[in-house]
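Here come two complexes built around chain A, the first alongside chain B, the second alongside chain C.
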Partner chain A sequence: MKQRHTLLEKDGAQSVVASLVSIVIGLLVGSILILVVGAFSANLGMASAWEGIRLVFFGIFSTGRNAAGALTWGFNPQSIGNMLFRATPLILTGLSVAVAFKTGLFNIGAPGQYLMSTMVTLAIALGIPADAMPKILLWLLAFLGGMLAGALWGCIPGLVKAFLNINEVLACIMTNWIAANLVTWFFDANKVFQNTVENTKSGYVYMTAYGKTMVDGAWTYVKGNGVQTAKLGLDKLFPGSQINAGILVAVLMAIGVYILMTKTTLGYELKACGSNRHAARYAGVNDKRNIVLSMAIAGALSGAGAALYYLSGNTEFFWSTYQSLPATGFNGIPVALLAANNPIAVIFTGIFMSMLNIVGLQLTNLTAYNEYITDVIISVIVYLSAFSLVIKMIISSRRKQKAAVEAAPAAPAAAPLSGTEAPPEPDRPEETDAVEEKGGERV
Partner chain B sequence: MTFLIQQTLLYAVPLMIVALAGVFAERSGIINLALEGIMIFGAFVGVLFVRLMQGNPAIMGAFSAKQWVTLQGLELLAMLVAAVFGALFSLLLSFASVNLRADQTIGGTALNLMAPALVLFLVRIISNQNTLQMASGDAASWFMIKKTTLGFDRKADLGFLGNTLLHQVYLATYICIILFVVLSILLYKTKFGLRLRSCGENPQAADSLGINVYKMRYAGTTISGALAGMGGFVYALTTANCASTGDVAGFGFLALAVMIFGNWKPGNIAGAALIFGLFKCVAASYPSIDINGDGVYLLAELGISSHLYRMLPYIITLVVLAFTSKKSRAPKAEGIPYDKGQR
Partner chain C sequence: MRTMEAENIIEMLHITKEFPGIIANDDITLQLRRGEIHALLGENGAGKSTLMSVLFGLYQPEKGIIKKNGQEVKINDPNDATALGIGMVHQHFKLIDVFTVLDNIILGAETTRGGFLQKKEARAKVESLSQRYGLKVDLDAKVEDITVGMQQRVEILKMLYRDNEILIFDEPTAVLTPQEIDELMDTMREFAREGKSILFISHKLNEIMAVADRVTVLRKGKYIGTVDTKDTDKQSLSNMMVGRPVQLEVTKTPAQPGEPVLEVKDFCVPAKGHKKNAVNNVSFQARAGEILCIAGIDGNGQTELVYGLTGLEKSSGGTVTLCGQDVSHASIRHRGDRMSHIPEDRHKHGLVLDFTLEQNLVLQRFRESRFQHMGFIDQKAVREYSEKLIEQYDVRSGQGPITRARSMSGGNQQKAIIAREVDREKPLIVAVQPTRGLDVGAIEYIHGQLVSERDKGKAVLLISLELDEVMSLSDRILVMYEGEIVGELDPKQTTVQELGLYMAGAKRMDMTGKEGEGA
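The block that comes next holds the complex of A and B.
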């Protein structure tokens, strides 16, 4: 019996359980909301509510409706491809939040870093003529420029935290809104980037597939002449979707962050600062440098997310963004929380979040419900993860107490005590089994 | 000048009341990052209430008969409903951070994500678009107080003060100012206020003197939620034509900036709200502001981009944070979950 419940004592297993419970509760809350709205709304009804609920859980496998109007299910390459495409920025903002968390910082500034990177990426990709240098070099320049912009923007909260001891959350909120206004200002002032070719759209910047090229002696934006991320045949695998090699870059970066955090001195120092800043300083770690560095890395990761998203060539940026911040930045928070800040787990939680995203689109297309239900689900998950750490702590401290009691020298009281506490234990391994099944289904 | 003062007040008053909401929560020891979310939720509930009431023939009758008292009553009632629902919504935050000792920043972020999602989900289902408007008419014709409302002649000149404070104004603005004063007194001059503040400074000491820290924190956050919900509706009513769109243009975060800039003190907050309100107002309408009425549009001639005015409040707050962090009056125990066993 001792052997069987060691699995749950592992920190990782507990995190997985906590995350899965959060996800299940989140999906249930979404379903209940659909049910309530369906039941009380005159023109929706219970039948559509049932369809909505099925879509919330299995929307990624939805293939639309058949001639009779019933929902059909199966492998939908377009949905899956788009899911992987949209997972790219989410994985990276998730990594960004996770790295900061490991250093004991809450990077709520990911939206701002994301926006600054968007601005720089687009300015480089669209500002430099497409025939001035090889496109791959231009792509790389835009990507690195975006990362650098994100890193610099992330440095600001890091610097004020490290040297002036200002709460990084407040500093991040301020820099977010400064970024939102700055980006709007930039694209408002530089009208060359505003999409005037497709005149059905207003307020959008050119997609990076448009390149600045010399046509009849004038610099003009021409479609299909710009930079875009290589597809590497992935679009053949998932026809009709927006997928490109960006997802591979994101996965590689996640692995890179994992190596950085677990195998290098820098990663160790960052984590030491996160565990106890003062103890780390006492041990000779330069805590100020590490805080700034951590925020810079976090910013660079958010920036990479934005760069990969907008360099795909077929995504548009709505530049008048001063009244709202990009959701992708905020959704990095649930991605990181669900993954318990493990860089490898971030890959899967990022894909899960983008799956919810696709599910939302399916809901909008196929039913009278809309995509915002998935945002409700995400927010419930964030809410639960706010105290899932606490619950985990309670579980493990109770276990430690019990272990202490059991380890106490064979006092006569110890035997009945462990006897009374034995019954709940058989439940727990079952719980993990069930959870593993669900995990398999999800991935 | 009249225009400038009125517009500034329209922006400053919701900021002021929501910043006070932040103060109530933080003084009791809970960081309320969810101000934005609660505002969004309050705005939605208030607008929905007005919309539903407009379906009532008696209310429509009162409108066509120009019974202004009834309409102002409706406005007050909508504010009250928004406050109640804002308070209910904020219970999610207090439950997580008081009973479950959760991370308050993450809890607040969750509410900030939840409110727009929930609101947009419902708005889209109710009205098939992303905006929930009044069922008929607009905010100005229903709720705005004009000269004629008060029985003056259309062409009457009420003098500078009269024109500024009695013509084309909303009752909500004045109610908020009165509430602001009353609640500031409550927080600083009463036994309840002292107890509440003690929980944000040193909850252990407060507890040792028999104050129930949990109850006080619940009280602080609930008052905060009520004020933020009401502020959200007032914002929607006075500046967004009584419509709910699932966002309040970052006003909740701006209120947070006001609170920090005002150093957690009501007097300073009122001043900060006025300054930030002025920036908002200038950013929104600087080409048409004629400060002293001499036909020279000074602000437009300065040629400063409106984006800069929009950005300034956040930059100033960041700078102020940087310079005052050493002598900040932020409550000492904010953000730290209270644990009875901890000494």
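The block that comes next holds the complex of A and C.
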């Protein structure tokens, strides 16, 4: 029964299938919702419902409507470019949550880390005069400052967990709201960062690139110092979109995290602490240091997400955060879950999540549906991704049943000690078929 | 063996059960007669637990059938097993810690009327069972507050409450004190007299010889044979089990103690949740080339002593000197440079169960320059090293170095830990209950390793609860009672009875003089 190592027997492949199943079910539920809403709504009807369903699945390739009013499809550089732009912070908060998960910690504090980084990034980028240093240096300073702020904010729950054994989830939730109010206060008190150009926009901070084209235009007052992420020609590839090199930074950081977790001694220590803190301690690993370090790395990644988003140059920060925490921070959790905490997979799940975002906008723009349908889809997927372990179990037990039927007539061959092929690094322990393990838990 | 159909209450015929990389049960036949105590003997990983899990409905066999009273039955889950009157006391109890004893017993078989629990009836039934078999339990105590021995009695009452007539005991004595073991044996005999049939999984030959009528021996998943205990003896049973002649006694030459490696002086370790010290003013020396054993009944401070010595717990007084260096306040890692530690709890401390075998084999050594360059782990070096250890120490697993530690049998997990710790070549080896829960073959092997390390000039500090082990393996015995060392004995000149008196606190030496001698 184990001679053939088919794809589905590998843990990694099973994770991918489990995530895909979650996604497909999520999209189907969204479709049913669209159908139901369409059927009972006077101004929608079944034709609109069909359009809505097609948009849910293929919205990223929608190019609008033609003269006859029918949906048109094709490569839409603006949508795809914006998808990648919006994926940047999601990938990073996803990485943040994934790294903490690998160390056995639940980083629900990504929103707070994200906010603290936003504050520091914008304070540096807007607070230092543009002519004080080269813009690229200022950008780097703001980016690193944001990461550091996120890291320090992440350290707090880490320290509290390591030294006082207080659950990091509680500490994270509290530090989230402390961050929200701190940031609100900071921007409220420092009028210098506020955008008073447009009087209706009282709650906004200047974009960092604000005024770039305002040499002698209609604007009378120029603020912002032109600091923005390099585009590296990506704007030519996806004209009309907000894309910049941030997505490349995010991908590089994901690869970096992958290498850190699988190839280095530090990653080994972090994972050992996460899987069995006692054994790590026994082996002379400083478990307290590793818990703090893990949260710091997680915080730095969330911080990088915020920095890349707000340094793009044309994003404004609405600082009335006391109303809510940034969704990007929380959405890191489903991104990580759907990726089964694999840093490389986080790139794809992050992009997928932001695709749903774009799809939501397309729904609003092109039909009478609103974008909140995609929130339902995301919720269903998140819900199901928590079941991905169950889905994996179903897959592997089906494989086993099949194998058992096949193996039954054949004489059992001596079990070879196959130490040749290494399976991909699974993130969760597979349902072990421990020979000596009592199986009471399986019932 | 031809027996009449009705004589066998349970027959498992030609059972085959496979797992990836291993055939756990290969064409195994087991026939349980009505009213007998039938032992199932085999090394760790021989397939005993798998076979019982098949009988209890936790696993489905690929081949083979199960008959009850000559009728073929299908056992798809534990509920089917319960319906057939099969009950099981698992090695690791399946109890809910925060429930009371009574609630645990009736859980899953509650008497209800109109949806309401009828605890009064249940209580009466449990009380009468408890009295009839002398199984003393406190029905209103929470499980987390009672002793392991009492927890086991709760598990037994659970089976009786369900009117089971086939009782499976999976390694029931591993967690019990000698007195509790005797009581359990009496209870089992009583059950058998009443016509209940008992399957007794064990690898302790003494107990099998004392209580069982017949023994079925498994080895590496295969059926070896079934014998009557009255026609056999311990030596031939262990030969059947291991497949080669086994030495039940430790052979070793007299110790050649050298320089002290470990010196402990007025050492104190605080107890959890108490003001009193768990280890109180303990002083001793462990010398190179000797096996020093700390004997005592479980819970007399041995665990805390080891935690204090290894740095897992902070000490509250006294000094620890290792190879002439004061390490009283040193980090675990620093102490680990001169000390190997075979921990008491292999799942808690010894292994990261979700890691692979090779990752576990370098749990301390991954920082050494041989296994990493600039912070990047040299996977190839780790693989080569682990393959060497696996071969040298005969660690068996489904997939070699990449096997998850969790999926290995207990004996092989322990062997992996021993391999790792012994191969680190440190002057002091602290071995805490290194053979707990292991079978004869593995025990022989581990004892041999410890003696050979001693002969290489290492100091071995052995902490053991097993009197046999203490007497046969050690060169010098210190007895610990209530956190203090109450006696120093020479295993060649003392008896088990005398040792027992010290362990129970009935006798104690004046250790103040001894200290002076050590200093």
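Everything below uses one rule, namely that the second predicted complex is superposed on the first by the 367 of 443 C-alpha atoms of A that agree within 3 Å, B and C clash if a C-alpha of one lies under 4 Å from a C-alpha of the other, contacts with A are read in each partner's own complex, and residues count from 1 in each chain.
Following the convention adopted for this analysis, contacts are C-beta pairs under 8 Å (C-beta built on N, C-alpha and C of every residue); 3 or more make two chains touch, one makes a residue touch a chain.
Because the structure is predicted, anything quoted here is derived from the model rather than measured.
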{"item": "Touching partner for A:Thr184 - first (chain B), second (chain C), both, neither", "value": "first"}
{"item": "First (chain B), second (chain C), both or neither touched by A:Thr264", "value": "second"}
{"item": "First (chain B), second (chain C), both or neither touched by A:Leu164", "value": "first"}
{"item": "Contacts of A:Ser385 with chain B and chain C, given as first, second, both or neither", "value": "first"}
{"item": "Contacts of A:Thr315 with chain B and chain C, given as first, second, both or neither", "value": "neither"}
{"item": "First (chain B), second (chain C), both or neither touched by A:Gln78", "value": "neither"}
{"item": "Touching partner for A:Arg281 - first (chain B), second (chain C), both, neither", "value": "second"}
{"item": "First, second, both or neither for A:Leu33, with chain B first and chain C second", "value": "first"}
{"item": "Contact footprint of chain A on chain B as seen in their complex", "value": "33, 92, 96, 100-103, 105-107, 109-114, 116-118, 120-122, 124-125, 246-247, 249-250, 253-254, 256-257, 260, 305, 307-308, 310-311, 314-315, 317-318, 321-322, 325"}
{"item": "Residue numbers on chain A that touch chain B, as the complex places them", "value": "33, 37, 41, 44, 106, 108, 160, 164-166, 169-171, 173-178, 180-182, 184-185, 188-189, 322-325, 330, 333-334, 337, 368-370, 372-376, 378-380, 382-383, 385-387, 389-391"}
{"item": "Residues of chain A defined as touching chain C within the complex", "value": "1-2, 263-266, 268, 271-272, 275-276, 278-286, 404, 407-408, 412, 414-419, 422-423, 429-430, 432-440, 442-443"}
{"item": "Complex contact set, residues of chain C against chain A", "value": "16, 18-24, 26, 44-45, 47, 49-50, 53, 58-59, 62-63, 77-78, 90-92, 94, 170, 310, 312, 331-334, 336, 341, 343, 348-355, 359, 363-364, 366-367, 372, 375-377, 379, 387, 397-402, 404, 406-410"}
